[in-house]
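Have a look at these structures, which come just after this line.
Paired with chain B in one complex and with chain C in the other, chain A is shared by the two complexes that follow.
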Partner chain A sequence: MLEQQLINGLMLGGIYVLVAVAFTLTIGILNFLNFSIPGVFMLAGVFTWVLLKAGVHWSLAVAGALAVGAAASLLVERCTYSWMRSSDHYVPLVSSMGFLILFENLVLVQWGSDLQRVVLPFSDLNIRYASLVVSIPQLLSLTLAVCLVVALRALLLKTQMGRALRAVAENATTAEILGVGVTRLVPAVFIIGGLFAALGGMLFALNYQQVHPYMGEEVALKGISAMVIGGMGNVWGAVLGGLLIGLTEVLSIHFFNADFVDFFVYGLLLVILFFKPTGLLGASKIVQEKF
Partner chain B sequence: MSGYIEGILVILLLNIVFAYAVYWPLAAGQLNLGVAGFVGIGAYASAYASNEYGVPPYLASLGAALVTFAAAIIIAVPVLRTRGIYLALATFAFGQVLHSLFLNLDVVGGAAGYPVNAYIGIGGIATCALGVFLVTLFLDRTRFGLNMVAVHHDNAVSDLFGINVRLYQTLAFAIGAGIAGLGGGLYGHHFSYIEPQNYTILFSIFVVLFVLLGGTQTVFGPLLGAIFFTLLPEALRASEEWRYAIFAVLIIGTMILRPQGLFTVHEIRIFRRLFDRGTPPGRAHG
Partner chain C sequence: MSASAEALLQTEEVEVAYGRIEAVSGVSLSVTAGEIVAVLGANGAGKSSLLKSIYGLVAPRGGMVKFDGRPLPPRSTHTRVAAGLALVPEGRQILVSLSVEENLQLGTYSRRNMSGAEDDLEAIYARFPNLKQRRNMSASTLSGGEQQMLAIGRALMARPSLLMLDEPSLGLSPKLVGELFELLRQLNAEGLSILLVEQNVHKALQIAYRAYVLELGRCVAQGTPAQLTAEGKIQEAYLG
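Right after this comes the complex of A and B.
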């Protein structure tokens, strides 16, 4: 049924939105495509499962997963970006890919490559209206995604920290000369981005009730597409892109089959890159000038 | 030669071929994250030719190189309109689209994979790997290689000096793709079986990582990177499941301490000095 598929697409899109925001933050402010985000996403999902399985209360499991995500993201910052601000443009990208492989394989060594089933401590979590089914965690993740994006926009536009972040985005050196504490701000960007990715991973684990070491690649790589389609560095673009990707995915399953998902999702990305590389809502002016 | 050593040697030789597939575009400043897609085109095209039309496997693999070279020239038209991070993303998206195409091409088995009848042994693979290395080494010594480096360092200045920047960028992209196609053909014919799951983004990432680990300033860097990547896990056999984790730590460490890779222009100078020891001081160079 098409209506149900549209709902599912929007819900799935909510997860992509969170990941796309994580990508867009580091690329918009630090000019850095952070390939470790799929790893952070996966770590949060896996730790949600581990903590729930260990019998921890769900609120603590959620908090623990988010903390792991933020910590992992901070580790990436310490070992990639902070060392390499002046080197070739692909060096931090390569390091972050190294972290993706490191995280995936550490989880693989510890828990194996099997698909693990997440058992939720709740019973039925669906709202039914007519013949449509909406699951509460999914609805929650979509609402949460939109609310957090609004909050992030407010942080960037209204606060002292947001002003400093925008200054760093424009020109890190000048910002530093003018007294912005760049060395304190960069970790903050990574922690916020890491939290968004971790939230996505945690909600994915709760929604689809399965985790495995490579779950991040499938989801977070679509987050990259969402970011580019909406416009790099543009937070609302990430929202639009995320929802579009979610819809594209479920509709290609509906009209074709699951094997065609990547074809349409990444085909859409290619079309956007070739014909409107600034994305649908326009990349932030800073990103446009840098590339 | 024992089967174990031969198996590792084959992987090493194939990794060397894939390394140069990534090195060529990198030498012109393009980070190609879709190399797995080109390897896949080569593997499927050559397997189809040798299975369905009885083309000899070597000819099929070389033909696959030409097919991917030609395909890359066409693909380069839109892809090279983008630069920097956008180029990496476009090649990434391209690789993903190809992967899903392989999954849906029922004529070559789709997700179930595609058996390859003809066989290429280690000797053929070694010859091809040596050929790829020698051609790269030769081109690097000519004006062609010099122009490529110039294009990498500064597009505008190269243009001012009369280098056709677009031509060199397209050639670097397409030569890399052609080498990838050759590697794909060899892979399929050696292992007698190909499936879409071989050609994912992780494959592309691993090749890019070991090439950058070796270093892209000289033609020897990718060779060293491939050797390091293939043999190190074997040396670490005792902790087999840790091999990729350790590799990842090495990559991160290398990027912190030596972002230009393990083998750089500096090492070449040291070698030159060792060999030039006998010559009079005035003639020593490097």
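Right after this comes the complex of A and C.
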């Protein structure tokens, strides 16, 4: 039934939103496509499974998975971006891709390539209303995605740190001249982005109750598409794009079947880019106003 | 007058090189608290490179920069801003994705003590009423003169004891240049020390207490405006 599918689509979209925001932050502020984000997403998902399986209380498992994600993202910054900031754009891009492969293979070596079932410590996590079913982790992912984006936007627009981040996004040297410690601010961007990606991976593990070493890649492609559909570097664009892709995916399964998912999702991407190359909320003015 | 003990800013044999090209080859200068000091010279004399190394935007290859008697680390601007140095960069470098007010607020970034920041903002607005009118608009809507006011106001928000300006008169109409130099004179009368890099020699010498003349990365003359004009050093440096 259609209402249920719409709900599922929005919930799935919530996860894409988190990943798209993670991408759009490093693109918007540092002009850097961080390919390690799918790896961070996967690590958080896998650690949710590992910790729950070890019998850790769910709240600690969630905190642990997020901490692993943030730490992994910081590691990427320390080893790639902080060294290669001054070099050509493709160097940090390629090395962040190296980290994705490294993370995937570390998990592969440790836990194998099988699909692992996440056993939830709760018996029934569904809310039923009439004939509609909403699972709590799904509802949580959508609510959290929207709330975090609102909080992130407030941070960027209303705080001194946000002004500094926007200054770095426009011109890092000018920000430096005004006394902004750029080298101290960049790790913060990676940690915030890493937390968004990790939250997405953790919620994915709880929602779909399965994890595997390559779970990040497919989601990341949708996340990047969401970012592009919405408009690069625009946080609300990431939200709109993520929800649109989630809905498209679920509805194409509903009306056709699972084989058509990629056809419609990437078809949508192409159609939108054809009519609005800068994305739905992307700047079409000369002065680009980000976020 | 050169290396006195109470100098606010002092450079000792500063050298700056980009690869094998030497831009500054051993320049020593000083600014005493309360002074306006001008650094003059033709294009490519090394004025901007000297300023950038003082401010920590480029690491000097040799020499030392002292501020308030303490040596400054080679490549770190935020420690300088926190210590009381501020730079109005060449070309103003207004952040157009921020509003006028946000540009000013960002000027307080390295201040540990934010008390008085609101009063400082109002003081800037009192000085530059045009900025107050456009406080919530994008800084891209400002005219060239207003942008220069914003760049100076933004630097003042850090409460510096020494303000450094890199070619502030560039691209301004003669009337605005006059206003700019009058503003600098006024700021100095209120106690601000100023280090000014300028191509507009005539105007700079009108307000400077002392000046240094650079030529191909070296200091070829220094002294009061009267001394420099009398000795004909200025014409030499510009006309060779």
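Assume the second predicted complex is superposed on the first by the 279 of 291 C-alpha atoms of A that agree within 3 Å, B and C clash if a C-alpha of one lies under 4 Å from a C-alpha of the other, contacts with A are read in each partner's own complex, and residues count from 1 in each chain.
The definition used in the following text is that a contact is a pair of C-beta atoms (placed from the backbone, for glycine too) under 8 Å apart; a residue touches a chain by one contact, two chains touch by 3 or more.
Not measured: the values here are computed from a predicted model.
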item	value
Of chain C and chain B, partner touching more chain A residues	B
First, second, both or neither for A:Y90, with chain B first and chain C second	first
First (chain B), second (chain C), both or neither touched by A:G179	second
Touching partner for A:H254 - first (chain B), second (chain C), both, neither	neither
Chain B versus chain C as contact partner of A:V228, first or second or both or neither	first
First (chain B), second (chain C), both or neither touched by A:A164	second
Shared contact residues on chain A - chain B and chain C	none
Residues of chain C touching chain A in the complex	55, 57, 77-78, 80-82, 87, 89, 93, 95-98, 102, 105-110, 138, 140, 154, 158
Residue numbers on chain B that touch chain A, as the complex places them	31, 78, 81-86, 88-90, 92-94, 96-97, 99-101, 103-104, 110-111, 201-202, 205-206, 208-209, 212, 241-242, 244-245, 247-249, 251-252, 255-256, 259-260
Residues of chain A defined as touching chain B within the complex	27, 33, 35, 79-80, 83-84, 87-95, 97-102, 104-106, 108-109, 217, 221, 224-225, 228, 259-263, 265-267, 269-270, 273-274, 277, 291
Chain A residues touching chain C - in the complex, by the definition given at the top	160, 163-164, 166-167, 169-171, 173-181, 287-290
